[in-house]
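Next up, some structures in structure tokens.
Paired with chain B in one complex and with chain C in the other, chain A is shared by the two complexes that follow.
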Partner chain A sequence: MSFPVVSATVFAPLAGALIISCIPASRKEVIRWVAAVATGISFILSIYLVLAYDLSAGGVQFIEKVDWLPTFGIKYFMGADGISVVLLLLTAIVGFTGVFASWGIQNRVKEYFITFLALTFACAGVFAAFDLFLLFVFFELAVLPKYVLIAVWGSTKKEYAAMKLALYLTLGGAIILLGILCLYFVAGLNTMDILVLAQHSFTHQQQVWLFALLTLGFAVQVPIVPLHSWLPDAHTGAPTAGSMILAGVVMKLGAYGIIRVALWFFPEGAVVWAPLIAIFAVICVVYAAFVAMGQKDLKYMIANSSISHMGYSVLGIAALSVASLTGAVFQFFAHGIMAALNFALAGMTYDRTHTRIMAAMGGLAKVMPVLAIAFAIGALASVGLPGTASFWAEFSVFVGSFPVFPLWAILSISGIVFTAYYMLRAVQRVYFEPLKKEYAELKDAVWYDWVVISVIIFFIVAMGVYPSLLMDLIGSGLEPILAGLPEAKPAIDLGWLSALGGVK
Partner chain B sequence: MMSVGLLLPEIIVGAAGLIVLIERLFSKGEPGRKDAAWFGAAAVLVALFATFKLFGTNVTAFYGSYRVDDLAVFFKIVALAAAGLTLLFAPDFLAPRGVKTGDFTALVLFAAGGMMLLPSALDFITLFISLELISISFYVMIAMQRGEVRPAEAGLKYLLLSGMASAILLYGMSLIYGLTGSTYLAAIRQALSAGEPPILAGIACLMILAGLGFKIYLVPFHMWAPDVYEGASSPTVAFLASGSSAAALAAVLRLFGESFAGLAGLWVPILLIMAVITVAVGNIVALPQTNVKRLLAYSSIAHAGYILLAIVAGGRSGTAAVMYYSLLYAFSVVAAFGVISAFAETSGGDIRSFAGLARRAPFLAFVMMVALASLAGIPPLAGFMAKFAVFAAAVQAGYIMVAGIALLLSVISIFYYFQVIKVMYVEEPAEATPITFGLGTYAALLLGLAGIIMLGVVPGPLMHIAQVAAGFARF
Partner chain C sequence: MELAWWILFLPLAAFLIISLVTWPNRKLSGIVTVTAIGLSAVCAITTLVRVLARSQHEAYSWEAVWHWLTVGPVQIDFGILVDPLAAIMAVAVTVVSFFIQLYSTAYMKGDEGYSRYFAFMALFTFSMLGIVLANNFLMIYVFWELVGLCSYLLIGYWYFKPSAAAAAKKAFVVTRFGDFGFLLGVLLLFYYVGGFGYGQVMGAIEAGSIPAVGVTVCAILVFCGAIGKSAQFPLHVWLPDAMEGPTPVSALIHAATMVAAGVYMVARTYGLFFASEHAMLVVAYIGGITAFLAASMAMAQSRMKRIIAYSTCSHLAYMMMALGVGGYTAGVFHLIMHCFFKALLFLCAGSVMMLYFHEENIWRMGGLYRFMKLTAICMIIAGLSNVGLFPFAGFFSKDEILVAAKMSGHMDLYILGTLVAFFTAIYTFRLIFVVFFGPRSEWSPVAHGHGHDDHDHGHHELPDIGNPRPSKINLSEAVNPVERARSDRHLGKEPWTVAVPLTVLAFFAVVAGFVGWPGLHGGFSSYIHFGHGEHHAGWDMPTVIVSHLVVLVGIGIAWAIYGKRKTAADPLTEMLGPIFRLFERKYYFDEIYLWFIRKFVDAGAAVLAWFEENIFTGVFANGIGALLMETGRVLRLFQSGWVQRYALILFLGMLVLLVIVLGEPSLTVAVGGVIK
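Showing the complex of A and B:
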């Protein structure tokens, strides 16, 4: 058997956590470096996966299969298709930069990094699992580290936020588990292999109800309004790196589940429910944007903006067209790194000013120009400025969904205007108004801030200039999923992209 | 001669119990001695080997009243594992409190003997005597700490209610005997499945359910559990929660899966409703608890509800799920009470005494967290696999709605389990003194931890054994 690259990518953070658990708690510097190396290995391997993935062959590659629970036909089945590769890269970027964003943490450093690495490990596992049971295991595995991370190292209302998150996510998990069990016994194939189950043709009735059940379960995690109320509290309460990974990666787990399981297995169900999901998506985009506009707290604003941005993804999924789904998955990546950057900068700013109330800050660009520029880039990426990754994501979602839901697409586009309003206002309030005296002595970015900022901005810009690297991967990953949809074209046609000129 | 060999594990355990008792007569019984418990644990280990040898035997002996098959062997192993782990950490708790370790050890061994006989019982007399052997041992164990009020109160409660349950059980059995003319389970099955069973048989069946329901925490026969859990010493509760209900479950499997199969139209709907109510009561009443031992009592009740689902689901996968659940639950609950007995007994398990445990004793806090996460069903720990097996069996049998309701109710449990984890890890300790504990506790907790993690990460082999053994539920 060749070297298990996918498993190594997923398990590197866990190995790091195990090594850290053997290091005495007083050696903080060693612990930080072990965490950095562990996530760094995973980062390098995920870049290797992106480059080594054979586009012309397509399908699931780097397969590792071992029997795990033969009674139920459950296997340890890891692999990567185009979508997995992109999302593994996202997880690795957020994990790696998250370690550096946590460099300044002084309280219980050892436990902190163990928890953080465990969470990174669980998220990566979800994207690499091609056995339904294994996917669910990774999905649920993430709950406890998330809880501990927020409850111990969080800030505002941390215990309340942590418990709310745990309850909501477990509720979603319970619904998903019921859905998985139902589909397993309905299919009656005695296997949890996603590739095999996806080939099984469920009856129309089964598709309609199982799609509804699974999507409901996953929707809690996305989250889709009105199941979202755990998110702003959790993202705001979490420590900086916790918010980064929650917004950057964890939010994608639910939407990924919808595409990977619900949509792939039950295309007819998807067609039935799509109009309803589209309505919820628009509510997500517009409602969350309005809520974000009303926030005084910087992190609450970013958290609500995340819900709004994930609404684009959901709209893309609901439109069920090639372009819209490609855009939806690209949005996972684009929003993932962008939200990580925004939360990282909110955290860095908070560490210096000790307030998150935007009105209390002001003029910080004078003392910390690097952070100001980085924040401005993050804000512009939020707005979807051409040249940033989010532009392509949002653009293809709108292109794909406009023919299907013209009204909803137009309403969602209005979300961009709101985003521009609250994001640019935040930049202005925090960084550009007259400098307050008490902040005159603040320091600009230190070396570990530089690592976070430069790595993420590199990817935001690189994917903004050269999106087809990931677009092609996502397209190849979506091919088998789209094949089941009655109305979608089976072949991948990214012609509209090249029509724009200069992209391909 | 062959037949006596079938009883070898029980004979080893019983003889070890007698040796400990006799030794107590001749020694001065200095307080603080722990060697009796070590001897008992060693005997359990030997019996465990003897039990493993019985896998694949599948023989009915003693004129059809006793059966050794994989199902029985599996439950014997659960009983031995529970007894062994309890004996490892019990002396650290008992010796400083002036309880003679020898007395406790002998009682644990006798109760373990009962728990090993019960899954093999194929007639009412054997079944009832095994059950009473367990109950009587526990009457004493619960009330054992002399001079303390709470254990005495708990012991008295358990004695009265358990006595009542036994009486009802016995009455049900006598009615069945009157109707069918036999105490043998096989003969009863034949008599009851021939033609329309009389109404009286249904009433008797429900009486037996009530009697056994007391042992397996079935709502509304669960009232004793919180008081006994709170009052009795932690080692006793650990053994009670892990061993006693598992053995009673084996009897329920034999009786309801087989003898009363003809009455399934009556007891299946009743048990389904009871399962949902049991899950609901356990999970909801656990929420406001401020005493971790009481909280775990309600958690036991909730888990009984899940197991009940698997019993109703029946068939091979349902039976396998019950067996699997019993063993994995035993590991989790023994580990949890092992931690409590290591430090929290002085304040009776009050949740405030757990504050900052992660700083005072990181190992204890970690074991407790893993045990609670396992009970909450967080993968990849043992409890998750067990829960998965149970709900899979229920969905397979077609009880999708009931499984869904139980799953949603199980979400509530996250709240109270995580609450304890939060207190241990987030809150500041009232006193910063590190907690020390003995080598036995350390060994027991390490074994429990290994069980919870290993059986969760590598569930295949055990699940396979349970599946094979479940084939013998019908004899």
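Showing the complex of A and C:
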């Protein structure tokens, strides 16, 4: 057996956590560097995966299969297809930069990095698992460190936020577990192998209800309004790197689950429920954008804007077309790194000004031009400007969903105006305008801020200029999933506009 | 023709070089941008010459395509298209931009963000060239947004000024509003055509594979983008605020980039508009309305740059009107001519401000002619071109627009256009007479504490004068004659980096129009035309005479009112009364929009944020939590640990069972079975 590169990518952070647990808590610098090296290995390996994945062959590659609980047909089955590769890269980027964003933490450094690395490990595991049970294990493993991160190192209502997150996600997890058990027994194949189960043809009824059940469970994690209430509190309460990984990766777990499990296994169910999901997607986009607009707290604003942006992904999934789904997955990546950047900068700004209320800041660009530029790039990525990865994600979603749900697509696209409004207003309030006196002495980015900013911005711009690197991977990953979907020929009827007249 | 890639990428290279390498060295950064854009201009001119040579007899175009991205069925290319339209526009953009960069090296001297400025200017030029050379709708959209970005960065260049920060955001959001329509148009076109290429779309329209309504809807949606970028009614409100940027930026935005993009886009995708009568009407009338509104607003402004800004708005509207009535050649011709004379107007204004303590309130000037003759002469040339008098560049193109309107049978638009020409004459010469002639204002910069000294410290244009009521400044701020003399002595002379751009652009503003001379072999229209049918009759003498009369009368009125004024107040305020106020307050568009945003958008956001916090989280999420807690509390009662209570419950349960069992015979059997 060759080198298990996928497992190594996933387990590197866990190994780091184990090593750190053996280091005395007083050796803070060593602990930080171990964390950096562990996530760095994961980062390098995930880049290797992206480059080494054979597009012409497609399918799941780098397979590692070991029997685990043979009685139930449960295996340790890891691998990576086009989608996994992209999302592993995302996790690695956020994990790696998250370590540097946590460099300034002084309180319980050892426990902090163990928790953070465990969370990174669990998230990566979800994307690499091709055994349903294993996937679920990783999925649930991720909940605990999140709880601890927020409850111990968080701020503002941290116990409340942590408990709410744990309750919501456990509830979602329970629904998912129910769904997984149902589909396991209904299929009756005595296997949890995702590739095998995906080939099984469930009856129409089974598809409809199992799809609904699983999607409901995963929707808590996306989150889809009205199941989102845990998110703004959790993202705001979490420490900087916690927010980065929550917004950057954890939100994607749910949406990934919908595509990997619900959509792949039950395409007919997806077709039935898609129109309803599309409506919820629009609510996500528009409602959350307005809520974000009404926030005074920078982190709450970004948290709500994350919900709004994930709405585009949900719309892309609901439209069930090749372009829209590709866009949806690309949005996982694009939004993931962009939200990580936004939260990182919110954290860096907070560390300096000790306030998150936008109106209380102002003019910071004068004293911290580097952070100002990075903040502006994050905001512009959020706005979906061409040249950033988000543009291609949103555009693909739009181009794929517009013919399918014209009205919902138009309403969602209007989000680009609202996003521009509140994001640029935030830039204006925080970084532009005259500098307030009390901030005149603030310091600009230090070296570990530079690492965070430059790595993420590199990927935002690189994927904005050369998106096909990841787009092609995603496309290949979606191929088998889309194969089960019926051909749809959407039609836009503009007859009611005929009063506008015709061709000369 | 591969040279076209160089036109596009040289400015980008300048941006990258400055932002990655030379940013610590200000002087070098300036040189990089000026050189790159200069070379780009050389490439553009060479390309134009080659294109003209080849398109002598037949329609010529050259395309190069790179595959960019495939998303499922969606094929996205990065391609450039060089044809006479693109080539001539590329020349206008690069040449004008080059002179503006050269000028900027003087204007921005000593500014702390010097390198940043030149990096952004290079990026701006690159983005605009992307629009010019794009060969498909998606690519034009991409660069369209990048132009929006650059305008945001440059209008907000002095980000520490609240007004500049607000103006930058306003420009971006307002144009984004138009882009929303543009994007929908692109998506709808893709739905019908299955591709983004201009060729594909035009082919589909000719083949009739897009339903008639579809063409109209697509055209109008795409036009929304042009309304935003070209500052047409009702999205024109960002333009005057955009004057918060440094003056060379205003010149670039107004002459060669940004606002020109909208008109250029309509011309570039003219086939789409031409296929729909209704879309053409929309374009024509939006143009007509904007031309009138903007010209009237220009008459009542007191800040030099705002007057010119509204003038731009009005001229762009002329071009839209021309395109809308079928005057393709006229619209494009005016676009090119306008590039030169509008850039000149702005650079002259900047020169005045540079030499005159970065003041831009015209009522604080007066009699400046003798201090800055070169600037004054250039400004007068630009003004004459702006009003469209023979033989200046503006004449040739504006005249064609009026002829086109008249010939197309839109007499209403023709009359409107002539009226706008009258207004143009008044506001242009109001500006010139007030600034350069008449008595010097008593206002002195030295007395106001921002004299020559802060000239070099990166705080240009900092004093924020709002939109002052001119009459209040009058004479009340009298200064002592010694200080006054000192301030006059401070008035410097234009450095060569200013003088050269002014002179060259003035030269263009005088002679460029002659390429449209009907007697010339073929003239402009033989290169730039749509289809074959466009009739080009040459000059229509009645139109020429009428427009000249109107313009001369306008200048005469301006002279009568402003030429011999004794005070630093605007006599027009008294003459027009409330109408003047309406013009001055810009028809209250800003107030209405702000009211709408406050009442609906911001209030909606506040309501939803409240809803989220109190109803969603408060009632639903916490409510469910509370419900669980309550259930738990009730259930806990059953585990109190009191034996008596357990016994009581046990007894009650037995009692209930007994009643049921005795009352229901079939249950008796069942219970009996269980007991057994």
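Quick note on the criterion: the second predicted complex is superposed on the first by the 487 of 504 C-alpha atoms of A that agree within 3 Å, B and C clash if a C-alpha of one lies under 4 Å from a C-alpha of the other, contacts with A are read in each partner's own complex, and residues count from 1 in each chain.
Assume a contact is a pair of C-beta atoms (placed from the backbone, for glycine too) under 8 Å apart; a residue touches a chain by one contact, two chains touch by 3 or more.
On a predicted model such as this, the values are computed, not experimentally measured, just so you know.
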item	value
Chain B versus chain C as contact partner of A:Leu320, first or second or both or neither	neither
Chain B or chain C, by number of chain A residues touched	C
Which of chain B and chain C A:Leu167 touches, first, second, both or neither	both
Contacts of A:Ile413 with chain B and chain C, given as first, second, both or neither	second
Contacts of A:Phe185 with chain B and chain C, given as first, second, both or neither	first
Which of chain B and chain C A:Glu159 touches, first, second, both or neither	first
Partner chain in contact with A:Val10 - chain B first, chain C second, else both or neither	neither
Which of chain B and chain C A:Ala270 touches, first, second, both or neither	neither
Contacts of A:Gly387 with chain B and chain C, given as first, second, both or neither	second
Doubly contacted residues of chain A, that is, touched by chain B and again by chain C	167
In the complex with chain A, residue positions of chain C that touch it	68-74, 138, 141-143, 145-146, 149, 152, 156, 159-162, 164-166, 168-169, 172-173, 176-177, 179-180, 183-184, 187-188, 190-191, 208, 211-217, 220, 274-278, 601-602, 604-612, 616-617, 620-621, 625
Complex contact set, residues of chain A against chain C	164, 167, 226, 229-230, 232-233, 287, 290-295, 304, 321-323, 326-327, 363, 365-366, 380, 383, 385-387, 391-392, 395-396, 398-400, 402-403, 409-410, 413-414, 416-418, 420-422, 424-425, 427-428, 431-435, 467-468, 471-472, 475, 492, 494-495, 497-498, 500-504
In the complex, chain B residues that touch chain A	320, 358, 373, 378-380, 384-385, 388, 391-392, 395-396, 400, 403-404, 407-408, 410-411, 414-415, 418-419, 421-422, 425-426, 459-460, 463-464, 467
Complex contact set, residues of chain A against chain B	67-72, 111, 133, 136-137, 140-141, 143-144, 147-148, 151-152, 159, 162-163, 166-167, 170-171, 174-175, 177-178, 181-182, 184-185
